[in-house]
Amino acid sequence: MREFRMPSLGADMEEGTIVEWLVQPGDRVQRGAIVAVVETEKSDLDIEVFDDGVVDELVVPVGRKVPVGTVLALLLPPDAAPVAGPVKTPAAAPVAVVEPRPLAVHAEEPRPHVISPMIRRLAEDLHVDLTEVHPTDAFGRVHRDDVERAAEHRAAPPPAASVAHRAHRASPRARRLARERDIDLSGLSGTGPDGNVVGADVLGAPERLPVNVATAAKPERLLKRRRAIGALMTKSWQTIPQYHLRQRISMEMALTWLDHHNAEAAAESRILPAALLMRAVAVAASRSEDVNGFWVDDHFEPAEHVNLGVAVALRDGGLLTPSLANADELTLPALMAELRHLVARARTGHLRASDTTGATISTTNLGDGGVDEVTGVIFPPQVAIVGFGAVRDEPWVTDGALVVHRVVHATLAADHRVSDGRVGGLFLASIDQLLQEPEAL
Amino acid sequence: MNEAIKHPPRTHSEPLTVGTAEHRRALLQQMMLVRRFEERCVELYQAAKIRGFLHLYIGEEAVAVGAMQSLEPRDVVLATYREHGHALARGVDPGAVMAEMFGKVNGCSRGRGGSMHLFDVSHGLLGGNAIVAGHLPMAVGVGLASRMQRTGSVAACFFGEGAVAEGEFHESMNLASLWKLPVVFLCENNSYAMGTAVERSEAQTDLSLKASTYGVPAYRIDGMDVEAVEQGVRGAVAIARESGPVFVELMTYRFRAHSMYDPELYRDKQEVAAWREHDPITLLADRLRAAGDLDDDALAQMELAVTETVDAAVAMAETGELEPVDDLTRFVHAEATR
Amino acid sequence: MSRVTMTYREACRQAIREAMLRDERVFLMGEDVGAYGGCFAVSKGLLDEFGPSRIRDTPLSESGFVGAGIGAAIEGMRPIVEIMTVNFSLLALDQIMNNAATLRHMSGGQLGVPLVIRMATGAGRQLAAQHSHSLEGWYAHIPGLTVLAPGVVEDARAMLWPALQDPDPVLIFENAALYNSEAEIDDPPPVVDIRSAAVRRHGSDVTLITYGGSLHKTIAAAEQLASEDIDAEVVDLRVLRPLDDATIMASVANTHRVVVVDEGWRTGSLAAEITTRIVEQAFWDLDGPVARVCSAEVPIPYAKHLEDAALPDVDKIVHAVRRTLGEGA
């Protein structure tokens, strides 16, 4: 059986609509024959077949718009007997095509200056001590909002001394020299334009004690990132009464289906098991009560959609949890594509604002690292996190017989203020059940 | 629309040249190679193995195949972006051409050019040029180098009839004629500049007049008849090598769309059908049969040989490596100097 | 070695002569280079010496003869193509951009275009808006080209030969205001490379970066500033592509303050590129913002007072330096 697919007539053609079939089941076709007329953004185009054969089935009916690469018709070998009977009914769901985009894993992470010159100036103008400002940004970068908030919350009025320094800024070189020598710039008077502190002013200033070398060796940005993660996790541990459940899930059905799918898919359209697991979590979360949403002011607010947080380990340490918005509404290929892009953006430091806000439930998957299972710590204000370990061959009893299955250990950490173990158990069971019918995912 | 149908030129009932049967069969097989190679390209394009623009020469094979016969190894060929046929007829490895379209490093331009920029200096092929008429001044320069160095080589410059509307065509005609340079200007007149018919773009549709006015001798040849092309271009090349530029207009027709994604709104299907009746491959095959120089067995053998060549080309393209991204910025300057 | 005094024009001519004598593949081609003696009289006398085959007058076909130069270069010649002014070179932009700069890459390294294109650039002679612009920065945008701007007589004499030895296309911009300038130079001329900038004046307070027709104005400004106890360093880029980052950054590391002087328009200019590189590579060496002195954003007008007002001059450079140093304008 040969498949006749919606042709790609250019990089700018994404989909086409069958306007007319020029052949019917049972017709013999030869390589080069025009078999259909397809409407594209440009116009109607004749499309040709590249195999000799007998038309077995027209899969896509006239009038339907399908993506490039979708199977339009099936052909039998030329020596097959012509099919008798009525036209076979065209099937439903077209195959979605994943736009090939490689993971940008080689891209260098940008080297952010944690505090930009603009922020420094703002802080100076607002008399905010930057060492007291805690960045809300997952990257540890200080934003305008952080400084303004710090200014609002400051109890005491600015000390009179700093008013005198208000107009005095320091040049990049002066800042570098001061940093290298651990000199406090606020103690210097400037000789540059507008009284700004320039390099020469610093070179004339006395040095303080040498800085702690061990602390200095670790880039400031990594330390900040570590501190931010620490603060969040401490809050979770201290304020959320968490309960933990674990369930072994057979991946035999899911992976068999996936292998079959991937064998037919182009390299860039292949789907990773992790995407399947996330899809199951998203669907299950949309159906389960009391695991998807936020703990706000002493009560639980369920979320309408599932924004699935994904814990992403960064190469130089630490982690980020960007989210896939409306993950419950993404098809599996779309979720896979989104996941690739999201991970790439997270690792290259190019996350968008929409990536980092609003996760309603999170997942953590340490299967790549080889651990058997992972019990996550809930990211407040969320109320649940699902963890997956590695998929391994394990003994499995089915119908009274001991067999070997590929198995994953799924765990759930959930907020006892919102749900009880029974709800959590149903949620995990729902994930399990979804994974036993992967074609429906 | 029907009034606008352009009729194909009358083909000669008797062959103009009586080459050996062996040579005539070789011409046929070369045209078949170009045809089958490009048919495979269509399939590979629609399967997204080949990307970018893909311009097919199907229908025009007699022009490149016939014209290349009289060129010597020392001669230089400059072609347009519709140049698969020129590369193959000039002897470039079909595998290297296919690999180029796959973007592989074993392509004839290391995957940096693609379908529109086939280069092979060892075969004297200077592109694959995709700015219409942009390569005509270069052909003049190739001719100038030939004259100044007295190498005796000729520049054969292929371009479509759309190019004659460009200033660079006129500048090049004038310069080549002024300096009497050995350049053969081969105008492949397939009636359409993309989708613009020649009478919709040219105030003077007799293109040979445009060359004559620069003092360049001009000839018109039936471009569907490979033997007529061979004989005509042979004469033109001899004149160019001896005395100066020549303009040859080859009346031809492309059977397929301009590019892959072209609904052909600008021409009538009957017009295409009429020209298909003058398929250059059928024309020569019929002649050979009539002369008793070709039978079904021989034709089948040729098809088989051509198919094997195309299969091998695709295999070479499929198995070729992608150039490492680390090499991205190579070939911007000569490597030894940086 | 002896010393000899000559004009910039004579230096260009002697450089062409020397190349023609040393390498028989070299020839000169362009509008009025032969019988007329060159629009700026650079090639005067060369037709008599070398004959019409090697001193080749062309029709007014910039695209045609630049393309012919490319073809001839590919086939083994070493053409020097002269375009009267950079404004006219736009008629040959297709050949320079789509062919000369591109063929090596597009052919996967098979083809090289060892071509030299010389052209006049710059304003200051009341030639109005079609003969006065400084568009060399546009060409410096294009990978595959080397772009030179000799600003002194010595470089005008010495840079052509290494340009002809380059296996890839080289553009040489001769600021027309310089042709009459005169200097004493070594004879035979020094060997120069076409990769590095030159420090024309050493100083410790501020770096002035410039090239071509603005070099003399900048040096004059530096002299004036010296009388005010401001010690300016002057960097002559000479090579606009590839830019010599090392020389620029070394100077910035020494002075911590920068003024860029460029006869091109400010927006999207070479001066913008240099400024960005300094911010990228030497930000932590800066003691103040980088300043620029560029041409006003207007087609160069004919009237002398307006033309003068449009161009960088000594006063504007001096003011920019004072502002940068916080000395008041």
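All chains are identified by letter, namely A, B and C, in their written order; residue positions are counted from 1 within each chain.
Here is the rule we go by: a residue touches a chain if its C-beta (ideal position, glycine included) is under 8 Å from a C-beta of that chain, and two chains touch if they have at least 3 such contacts.
Predicted model only: the values in this text are computed from it and were never measured.
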Separation of subunit A from subunit B in touching-chain steps, minimised, is 1
By Cα centroid distance, the chain farthest from subunit C is A
A count of C-beta pairs in contact puts on top the pair B-C
Chain-centre distance (mean CA atoms) for subunit A and subunit B, in whole Å, is 50
Subunit A to subunit C, mean C-alpha position gap in Å, rounds to 50
Note: subunit C sits from subunit B at a C-alpha centroid distance in Å of 41
The subunit C residues in contact with subunit A across the complex are 256, 283-288, 323-326
Subunit A residues touching subunit B in their complex are 5, 7-13, 32, 40, 42-45, 47-48, 50, 68-69, 106
Within their complex, subunit A touches subunit C through residues 171-176, 192-194, 196, 198-200
Subunit B residues touching subunit A in their complex are 39, 42-43, 45-48, 51-52, 259-263, 265, 325
Subunit B residues touching subunit C in their complex are 76, 107-113, 117, 119-121, 126-129, 131, 134-146, 148-149, 155, 167-168, 171-172, 174-175, 178, 330-337
